[in-house]
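Note that chain A is present in both complexes that follow, paired respectively with chain B and with chain C.
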Partner chain A sequence: MNPQSLLMKKIMQYDFTLKELNLYLDTHPNCRRALAMFQKFRKLREDAVREYNEKFGPITPEQNINAQRWQWVDAPFPWEV
Partner chain B sequence: MNLNMFDNIDGLVLRERENNLRRPTDSRPEYNGEMSPFPASTPLAMAYVPFQSWGDTMSPEEALDCGTLFSDLVFPFQEGGARR
Partner chain C sequence: MWQYEKKLQYPVKIKTPNAKLAKVIISQLGGPDGELSASLRYLNQRYVMPYSEVKGLLTDIGTEELAHVEMISAILYQLTKDLTIDEIKESGFDTYFVDHTTGIYPVAASGAPFTATYFQSKGDIITDLHENLAAEQKARTTYDNILRLADDPDVRDSIKFLRQREIVHYQRFGEALRLTTDRLNSRNFYACNPAFDKNCPKKR
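So, the complex of A and B:
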């Protein structure tokens, strides 16, 4: 797996963990352990997405941080991946 | 079919009555791990999902692989499944 795919996989793993905690917190809104874990992985995901944006471009259009070029069009279409 | 579950029917009925007598003052569950995973009142012929309490969690890598973050919820249905 190339570095780009590896980082994308990391983000997917964080996303899944956050979704699981999201669902748990929906029924356990006062659980401090879940809240703390959510904050921890929210930060880790944020850092991973920033790293991805800097190295490989945007994952979603609003993450286009390049002032010189609309890098969104450089990413492959879903059917080209 | 296993009919042993009906052997202790008196005990079951007694426990059922006790459960029905207990009236929760607040319907919001407490999360101290001491509460019953089932509702205070469990009428017959209804299905109940045990209320989840916090347990072991896995790493994000394992979680995505297992389809759950919570170790208590790992139920790999591998027979006839497409997984690996």
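So, the complex of A and C:
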């Protein structure tokens, strides 16, 4: 796996963890343990997404930081393998 | 509002096209217990929910279902890529091909186009949550049936992920139903509809 796919895989794993915690917290909004895990993975995700944006481009349109090129349209869409 | 992220919720990487398999998996896009009806069911139901936990849950599961629509569509796209005309004829995919080529269009495996009659939004929290519990189990059964029909390990891997999500959503909807009945009169949960009736009596 190339460095870009590896970092994307990491982001997908963090996002899955956050989504699971999100649904759990919807019905357990006072669970301190889940809240602590959410904070931990939120930070990990934030750092990984920033690294991805700087090295490989945007995951959402507003993350396009390149002033020369609208990179949003460059990377393949996720259904293309 | 929503924002698109250029990634799938879980990877879909299918090496071997298989139009015959696409013909059955398409039911989880446009069929009676598919991901599109799931998403529309929850995102429409959420507005009149009387409890914020349930509004949140319906919003967040309804949003996840949109990501599942995309995963199913990616599976269909990859299963029908680079097919020859002979493969299209032999697989029985020709009946879809004639109307849509290899474009993604929401139909059931039988060919019936997607319809909003596949889901309900009843404006009653107990009724809607029971509909959702049933919907998650029906989708789980459909995924079980797809796993009985699919041999390709690449396809099975993504389908198993989606199947597992049905079970998690069922669990969360069960908790939402408990949160709801905890707030109602335990001698008669149906004494009133907290999404409509004013001064719905609290638990006695």
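Annotations for the structure displayed:
We adopt the following convention: the second predicted complex is superposed on the first by the 76 of 81 C-alpha atoms of A that agree within 3 Å, B and C clash if a C-alpha of one lies under 4 Å from a C-alpha of the other, contacts with A are read in each partner's own complex, and residues count from 1 in each chain.
Rule of thumb we're sticking to: a residue touches a chain if its C-beta (ideal position, glycine included) is under 8 Å from a C-beta of that chain, and two chains touch if they have at least 3 such contacts.
Every value quoted in this text rests on a predicted model; they were computed, and no experiment measured them.
In the superposed pair of complexes, A:34 makes contact with chain B only, with no contact to chain C. In the superposed model, A:12 makes contact with both chain B and chain C. Of the two partner chains placed by the overlay, only chain C lies in contact with A:26; chain B stays clear of it. Residue contacts after overlaying the shared chain place A:59 against chain C, while chain B stays out of touching range.
Set against each other, chain B and chain C touch different numbers of residues in chain A, with C touching more.
Shared contact residues on chain A (touching chain B in one structure, chain C in the other): 12, 16, 20, 24, 27-28. Chain A makes touch with chain B in their complex at residues 10, 12-14, 16-17, 20-21, 24, 27-28, 30-31, 33-34, 37, 41. For chain A in complex with chain C, the touching residues are 8-9, 11-12, 15-16, 19-20, 22-24, 26-29, 58-61, 72, 75, 77-79, 81.
By the touch criterion stated above, chain C contacts chain A in their complex at residues 3-14, 53, 56-57, 60-61, 64, 70, 73-74, 77-78, 168-169, 172, 175-176, 179.
In the complex of the two chains, the chain B residues touching chain A come out as 29, 31, 51-52, 54, 57, 60-61, 63-64, 68-70.
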